[in-house]
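Please find the structures below.
Presented sequentially are two complexes of chain A, the first with chain B as partner and the second with chain C.
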Partner chain A sequence: MAGIAAPMAPATPAQAPARIKASRLTAAGVFVWVLITAGVLVMAVPLVMTAYISLFRDAVVVFPPSGYSTAWYMRIGEFPRFGESLGTSLRIAALATIGSLAIGIPASLALVRYSFLGRGVLNVLLLSPLTVPGVVIGLSIYVLVVEVEIATEAPLIGSDLVLAAAHLLITTPWVVRLCVANLIGLDRSVEEAAANLGARPWSVLWRVTLPMMRQGIVAAALFAFIVSFENIEMTLFLISPGVMTLPISVLQYLEYRIDPLVAAVVMVQTLVIAGLLLLLDRYVKLSRIV
Partner chain B sequence: MSASYLRIEGLTKRFGASAAVQDVNLDVRQGEMVVLLGPSGCGKTTTLRLIAGFVEATAGRILLEGQDYADLPPYRREMGMVFQSYALFPHMTVAQNVTFGLRMRRLPKPEIEQRLAATLEMVELSSMAERYPRQLSGGQQQRVALARALAIRPKVLLLDEPLSNLDANLRQQVAREIRQLQRAAGLTALMVTHDQDEAMMMADRLVVMDKGAVQQVGTQEELYERPANPFVARFIGHSNLVAGELSGGTRLSLPDGTVIGLAGHYAATGPVTLAIRPERARLCAPGDAAARVTVVVEDATYVGAHVEYLLALPDGTRLILHDPTDGGGTRRHAPGDRAGLTWDPASERLFDAAGVPLTARAAIPA
Partner chain C sequence: MSRRPQGLTAGLLIGPATLVVLGALVAPLVLLARYSLNRYDRTNFMVEALTPENYLRFLYDPFYTGVLWTTLWIALVTTTLCLVLGFPIAYRLARSQSRWKSAGVLLVILPLFIGSTVRALGWMGVLGRGGLLDSAAAAMNPGSSVALLYTPFAVVLGILSINLPYMVLTLQSVIEGIDARVEEAAESLGAEPSRRFLLVVLPLALPGLATGAVLVFILAMNAYATPLLLGGARFQMMAPMLFREYAVNNNWPFAAAIAFILMVTTLTLTAASSAFVQRRYKAA
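Moving on to the complex of A and B:
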């Protein structure tokens, strides 16, 4: 009897903690999965609801709908100045993206690679627009532009130039942040190797540094484009009756009515962004950079 | 001096008040492999980077074939460098990596092709030309880095810890390969390492550095047999260092009153440091006439080729002794035993307070 009990004794304490550990893991696992599911739902619900409403047959949104149809997508052209405002949005976003890359890439190189007087100030300055509410930026730019208009009599409000310049303020901080993060992660000795092999500074930049920054630059361009494309609060001050971005025309439409047409427009806007993301994903694996 | 191909004169680099490299002087002959060796932070890597031109010297000259390179930018120095991290261009294939320097020199295409083929063959990577660095093993990446540096036919090959990222079992093999390539091509090379075995294996001559300054330049044998100061004695191989007061030519008195009878007769007096290598001393019976000092055996470990003894002097100073095994009765002394310690005059090194070696006027036979 004693001979049997002895080998069993150590087995029991060894098994007990394992069982407790397993049950704890399960509880934690369930909790994590609940959180993940809840998070995904919260993020997906607005999109799913918009997509759902865009398929309602009735012109007035009632629930439950009397039927479903894709007719609203066929009638997107009836949305006030749909093509025009989508075009403006894409144009401004493209300009702002190119502009902020032109500012942000050299700035991030300077910030990471060199130490100079005012480096800290420049860093703060380039990121500061993130800390100012968009409404405040929009209003300030509006006041400034009106003053300039009065002085020069040039029509500036609503011009691509002013809109793109204003959007630079909100896109550049993203470009700088992403490029700086990317540059910090790069092995400096690769650039030294290029110089060692006979590459002059411009060649090093063009053939080694920029190609190695590709992922950061693509991510930066992506963020810049989206931030610009979907901006409302700052843009609101800078449009003119003739020039309008898509988010603002949606907002203005919503002031008077809610119907499946506007839901269809928003879906198209979302699909434009999603399409861009998919296109980019072919060249750079987004999961690795964002 | 025609023998000198690369000459470093008074090379100094200060960062603020501290000197990372302090007055380094060095002559390297054509076709010679010189290894800079020292503990981390000793300035060896900074010295290499100064020579490559990545760091600007505070003072000094870098003469290559008589021309001063100190003010030339790195891209005009014609020095091929192999980096510790290899620093391969991740967005280029092996072939593009290797030909980068050739393309920068705008060599004609046929010559680039021919040099690429020859260089890849030399490092046995001909079949990997179209791969990207991330598709290669560490050893292969290392060879690409070497090929890239060799392809430009550098005047000097610079190697910064080239083996430190390789598996231990690959290191010796690669070390030998690099050495063979360097010898076959008659390349002048400067290598930096903190690994003594690596340095001993690859160098024609070694430069031992510490605290930014050169401690000694010499062949393996010179460094091992005639260290210039206690640092070199301890850093190359291993030396037991014992500090004391020299008096009467042969008496080394330790602070606690213990007296060691030296093997040589010295003219100097005053504070000195005695250096004895673990394999150059022997144990004997405590009362033996040959005993220069009596020690207590603290530990004895059989490690194959020898028994490693940990010994304690009366004042507690610990010494290490290697007693070769002979297949017979090993571990002749057990922990706790008292024993006499002795050595030959030729194995004794004595340094004065400034670290300068003292020469014995006469040997005192044990």
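Moving on to the complex of A and C:
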């Protein structure tokens, strides 16, 4: 089957002939539209519903609500547990983003621009945190940290240090992946020209390579931030009663009750992320990198 | 350029990232593997030992194997539904030439990054007692109620809404890679839409289907928040059970064994399915 496509030149959108007509009103065509509608509903309903609930006036979720108001958004600040956990989430995500850029960009330079023994193995190793279940990573880091705590008697669980280090582990693969993809697409002759004209390796890096990688670095930073900000499974094992991230405090709240307040909280979180993504979409085609 | 050997520079560049993965993934996993062979006891919590009893306890207790089966079953059902619902959307997006196409793609991407709690909250509002469906049923037929929350159905729906965007995006990029003229050739040769789909598009998209299926299968196997919030207290899947063994029962050796059983099951099934598809694809 694969052979059919092989002899043909790849089509560019401009020369592709008139596309196949949308299926006429046959039973199969109707069935396909039912599937499409069901799929879109499954993706959209929970988000629309959350936005809708966040505007209810009553504290108890009943349908239809007695009225609508945006008061819950104003009152988020009155509930310190959400404010504090938002602070923790932002702090950890920022630390993890900066850290993963600092170690991920050099690593991707090494993977793309140098050839050395064990490059293939290191490539797999650096991406491997993506394939291990989050709960397994969380539990394993927890037991290691406890061993270290026993040995050094330093309180570590729930500390920014441990949380940021753990988040560094799950954000670095994304930085490496995006920067490697970016570097492979860059023209190497520009760097060579700079070197031929007498630029030292460091100034080639600062003045040529890194500016050329700008798109990839922006994408990597936003991705790293979002991956860290959203993480639940791994972080669960590493928090302490006083230190909690936003998704986990929302999760614990939802285990007992659902009300417009928590809906407003997650809507704010969602809008922040949607804003970041729209920003990101201006730099790189999102559909290429996911 | 540089007088230093290349290997040294590369080593300095890649060293820090490698150390992080070794220190935060490899070393902890080795320690966890060692813990999984220890013995649990109620007074001392963990006793140093070298025993397979945690793994055997899991494998011989119908409760735990039942949870593993439930997890596998939920993951397979959601993966299948993702394929069935994701393909038509991905196909429409990929073959669309409208100016709304990029907006459509962005609308599929946005939910990817919105946490699972948001989706769970929305479904709780729809399915819960006093929720949208329940109230609608009561309004139409007083006294009746629709209790869909805390059922496997709710969990499947919740996981599906989280995983479907991943599938749509994977399939969309694969379908974009299939030359539209192949389909047109099939059409001009008289193939009905259904035959075109079964004999032309589907075989060409098979490797992409496998990639997407593996991705959403892994996500479903490791789901934590969705089964917890939508499945209720009596519904068990692997990730919440692992957390409970650790947090509530304090049985670290057993939690460690569950972690490895979950990891090995997921990796084995995904490796087997990719190998299977690769072989089929080469033979075809």
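By our rule, the second predicted complex is superposed on the first by the 227 of 290 C-alpha atoms of A that agree within 3 Å, B and C clash if a C-alpha of one lies under 4 Å from a C-alpha of the other, contacts with A are read in each partner's own complex, and residues count from 1 in each chain.
In the analysis below, a contact is a pair of C-beta atoms (placed from the backbone, for glycine too) under 8 Å apart; a residue touches a chain by one contact, two chains touch by 3 or more.
Just so it is clear, the model here is predicted, and its values are computed rather than measured.
Applying the stated contact rule after C-alpha superposition, one finds that A:205 touches neither chain B nor chain C.
Of the two partner chains, chain B and chain C are each touched by A:195. Within the superposed three-chain model, A:187 lies in touch with chain B and out of touch with chain C [touch as defined at top]. Of the two partner chains placed around the shared chain by superposition, neither chain B nor chain C is touched by A:244.
Number of chain A residues touched is higher for C, counting chain B against chain C.
Applying the stated contact rule after C-alpha superposition, one finds that A:261 touches neither chain B nor chain C.
Within the superposed three-chain model, A:46 lies in touch with chain C and out of touch with chain B [touch as defined at top]. Contact with neither chain B nor chain C is seen for A:164 once the two complexes are overlaid on the shared chain. Touching of chain A by both chain B and chain C, each in its own complex, is seen for residues 195.
Note for the complex: chain B touches chain A at residues 52-54, 73-77, 79-81, 83-85, 87-91, 100-101, 104-105, 148-149, 152. Across the interface of their complex, chain B is touched by residues 187, 189-190, 192-200, 203, 207-208, 211-212, 214 of chain A. Per the touch definition, chain C reaches chain A in the complex via residues 1-2, 6-7, 9-14, 16-18, 20-22, 24-25, 27-29, 31-32, 35, 84-86, 88-89, 92, 95, 97, 102, 105-106, 108-126, 128, 130-132, 135-136, 157-158, 160-161, 164-165, 168-169, 172-173, 178-184, 187, 193-194, 200, 203-204, 218, 221-222, 224-225, 228-229, 239, 242-243, 246, 252, 255-256, 259-260, 262-263, 266-267, 281, 284. For chain A in complex with chain C, the touching residues are 1-2, 4-5, 8, 10-11, 13, 16-17, 19-20, 23, 26, 28-29, 32, 35-36, 38-40, 42-43, 45-50, 52-53, 61-64, 102-104, 106-107, 109-111, 114-117, 122, 125-126, 128-129, 131-137, 139-144, 147, 165-166, 168-169, 172, 176, 195, 201, 226, 230, 232-233, 236-237, 247, 250-251, 254-255, 258, 262-263, 266, 269-270, 273-274, 277-278, 281, 286-287, 290.
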